[in-house]
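Two complexes are shown next, each including chain A; its partner changes from chain B in the first to chain C in the second.
Up next, the complex of A and B:
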């Protein structure tokens, strides 16, 4: 009896080790590269995307456990185009299968060109400049674009019934093209638009805001800039108190960080946001994403993390598909990624010939009592718009 | 062997390593070669800055202006007028030299006043570039700037080609600097440093000489800026006129020894490569701090910089040997 049992244990052990051995032989380790600004002026947004990428890798390792494993090698581009290029070249030399990351169109441009030269896929959500996709690089992909932000802002301004709008915008490529797009669309719909450009070094917005208040007398002030610009504009508006019904912005505004750091300035202000804050998720993938984010970083995810997660998840799925098809080593990843048609946390994603996601549309959130409530479009809203209302 | 002959032999050996050894060693490593190109770009500006400081006696805080003007001139000429890239690069230098003429009124200023005036000029040029949207692309800048061409089958648009171009620019700039220093002009400029009034009395056209040094320094910086525009293939006003193009070359020149011809080159290679290849992998999010400490230590221990420190050593050993 004892002998039979010993034989059984031996046979089982051999079978198990054979099975494990077979499994190990098929499993592959994939090394992804990530080039991001973790220091310098874009460090905050770069860190946000980096967190999302880390969550995607963590979840992929869980979902593909026993079959494949994924690692990400991250290099800080120090918010410098030359160091972005150097980072991509280092990652290419270290044998990464593709690159996820990049923030700022001025860094993504040369960095993705270096990736194109190295034959590496470069996927991002950090650069919305139309010129990036107009280059027609077969290895370049992005999941968001200016159109998505513009459509959200235009849609909400229409829903508000705004007749006069003052657009206050930063003179950068992405912000200028978005402001001009909103201007054209609103003007075509009979809305009177006042355009006010400002430079990145502007710290006192009172002269500009005075012009808006006395000259334009708009229903709504629309801001297109970045975090520091919004804070400066809202501070000036709080002092001068223009008679408007709403203040609307785009990226980096309807975030948990802004709600926490500037509660007095943000109340009732609108901005693009994929997520409410505190986060409310119902989809299984979204719930898992939020839980993993909380586990890794002990906080709720924000929109930057969400974008970083989505771009990396799509990349990982394409890497696995290309590997299974035997085309990964033969440069088949761009074609595989172009076949993507997925419902993600930011909606449906497909890529056109230039690597742009033409399905991208954003949502609008409003700061309400320290929370960010999604108010547009109606089918994504989790609350009602507080309108008319301003922070002062 | 006499000291000049020894120096000449050493220079030939270093150039042989630079033109043959480095391509053989790192030709296949785009990352390292890219870092060397970036270091040499800083070295080019550092040489131009040191030339203005040593020969012209002027401390500039605004070399980013020449870098930016040179890069935009070249990029716009190549993109919009179809000028061949190498010709556009030289014209970038000419553009920067012409822009320096606008700074001539500042030559009557001295010390910190000149430094601040030239800084203001840099800001003016940046604003002009931002506002001239139809030509410069405005704040959005220019993407896909033409790269260096293929000549006789050798692609100068690749990393190795870029390395050979910037190396040649830096070597020529340093040799020109050295030639001027040894010439009668150099002698006049040296005398001017000691007492400008006395040199004027003996007929030295000090303002003309200072202006010539400013124009030459601007030309070199403009050529380096133009090279960088075609190498990176991208420009925007914030990047082209970034204060980094002034601060890093100054740090490199002081680290290497800004009173010497080759000190700025050695300094740029040392601080950039050591920072990126050694400190960054060890401390990814604070490596610049180590560099700062190193720079402070160098200033305290050897105010003349790395090159004079290296030269002192054999003399000391010689003394010990005699003792």
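Up next, the complex of A and C:
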């Protein structure tokens, strides 16, 4: 009897230790890599995306607690393509499972090529140039694209009934592509478009805006650039006061930061925005995202954080799926990411064979009294358009 | 067309004044020490951020922040001088490396303290438009900075030509050994030049904060622009800086108006190369050009 009991205890102990051992063997620590411009001219947007990535990792560690844990190793590319490549090579050498990050199509291009050579997945929301996905790299994924921004801007301009539009755009890859796409679409619809390209070093936009005012005489001014450019263009317009009905822009414009920093300049200006400001979240995941963001950074999330979060969350989910399927170590992560079909904070995400998210469409927000109100499309709007209206 | 040209010339003139304000401090230090201070743009930026901090945290008008900014930028400038003065060999090349490194440190310090967001004054007066003859348009900030910059540059020019210290600066620039034999203390004069450069940098920072936007990566851009203007002017020439800066401003502005805004930097560089091709020592060059 005693012997039988001893055997039973021994077998039970072995079974328990085997079970515990098996459990421990399955739990894994995953190291993600992130290459971002944390200094240099794109530091602001790079840091915004970095915040979103940090929130995704924090939430993943909470949601996968006891099963998996995640860390992210971040390298600053200093807004330099060469340093972006070096960062990716260093991350590959340090054994990261994949890379999330990247800002600026001119940096993402060579950096993702280095990731492709190293056999690493590179997922981003920081470069919308069509050339990035046209390369057909199997390891490259992107959750947004020029088409999504262009559709929003074109839709907004059509709703306004604009007949003459002046597009003032920065001469970089992504901004030029977007401006040209909007130009083609509007011209095809019979809208008269004036195109005005500028360099990133331009700080005085009055001569350019004077051309718009005296030669183009548009209904609407459309801006495609970054925060600095928007402020310069709007200041020049405020001084010269062209007779327009609206000023429309794209990314980095309809944001809480711009509303707080330049309230007089931004009033009634439109820009792409997934979120209103103050932020209103209703989905459970979005509420958790906003709460985590607030906890980590003591501020409301912006679009950069939102995009950084979504791309990283999708990556983490695919890493877990690939690991559970036993294909992670065999290079199965790209295939697993391509199976993604998720409803996220930026809408539905699926990837085509080039890694592009063809479902991506943006929304348009308008600065109204220190807030950002979503005004287009109608089904996403939380307010009405103040039109015609300009900041001066 | 006439209206476009007039506005282009007016905008170019104002832009030139702004460029000159940034560049003149660099030219002054080069004139006295034969040192290109590659941290000069970052010192300008530091002044701009001090104005931002004063306005945001204490509600102080950016004009009132100038004395505080002057103390801080002057102290930073004195530190740059103290480090430069320890260079014993190959001062011209080693000073480039040292000041470039100091510029990076300053940029990253600004990034750590004030983050990467863009900033500009929230005082609406600076952005209000000033219209001349219903044809020429500018912001109050641009005109105020242009006039202030001119006054400061005229003051520096007068000081160089009519004060004892100014003459000592020119003597040191002309022949360091002879000036020392004549009783000029090179260290005192050099640090004085650095402090005057800090004053100019402080005003330039104020001008940028009120008329443009500031962000941490701007310092390097300012240094490059100031360097181009200093070389174009003729290394160390103060009046040359103003004329060279206005030439660059006007050519950029005309290029935006008649060609494309994306070609304005190229136009400025072509002007720069043409001037150097015709006159290799710059517009007002020659070995020792200070105050000419």
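By our rule, the second predicted complex is superposed on the first by the 369 of 392 C-alpha atoms of A that agree within 3 Å, B and C clash if a C-alpha of one lies under 4 Å from a C-alpha of the other, contacts with A are read in each partner's own complex, and residues count from 1 in each chain.
Definition applied: a contact is a pair of C-beta atoms (placed from the backbone, for glycine too) under 8 Å apart; a residue touches a chain by one contact, two chains touch by 3 or more.
Being a predicted model, the structure only gives us computed values, none of them experimental.
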Quiz item: Quick one: chain B and chain C on chain A, clash or fit?
Solution: clash
Quiz item: When the two structures are laid over each other on chain A, which of chain B and chain C touches more residues of chain A?
Solution: C
Quiz item: First (chain B), second (chain C), both or neither: which does A:239 touch?
Solution: second
Quiz item: With the two structures laid over each other on chain A, which partner does A:202 touch: chain B (first), chain C (second), both, or neither?
Solution: second
Practice problem: Identify the partner contact of A:323: answer first if only chain B is touched, second if only chain C is, both if each is, neither if none is. | Solution: neither
Quiz item: So, A:39: does it touch chain B (first), chain C (second), both, or neither?
Solution: both
Quiz item: What is the contact status of A:262 with respect to chain B (first) and chain C (second): first, second, both, or neither?
Solution: second
Practice problem: Could you tell me if A:106 is touching chain B, chain C, both of them or neither one (first, second, both, neither)? | Solution: first
Quiz item: First (chain B), second (chain C), both or neither: which does A:171 touch?
Solution: both
Quiz item: Now for A:81: first (chain B), second (chain C), both, or neither, which partner does it touch?
Solution: first
Quiz prompt | Interface residues of chain A shared between complexes with chain B and chain C | solution = 39, 171, 199
Practice problem: Please name which positions on chain A make contact with chain C in the complex. | Solution: 39-41, 43-44, 46-47, 79, 171, 196-199, 201-208, 210-211, 214-215, 227-228, 231-232, 235, 238-241, 257, 261-265
Quiz prompt | chain B-facing residues of chain A, complex | solution = 38-39, 75-76, 80-83, 85-86, 89-90, 92-93, 106, 109-110, 113, 118, 129, 131-132, 135, 170-174, 176-177, 199-200
Exercise. Show which residues of chain B lie in contact with chain A when the two form their complex.
Key: 29-31, 34-35, 38, 127, 130, 138-141, 143-144, 228, 232-234, 236, 238-239, 244, 276, 280, 284-285, 288
Exercise. Name, in rising order, each residue of chain C that touches chain A in their complex.
Key: 3-4, 7-8, 11-12, 14-15, 107-108, 111, 115-120, 122, 124, 127, 129, 137-139, 212-213, 215-217, 221, 253-254, 256-257, 260-265
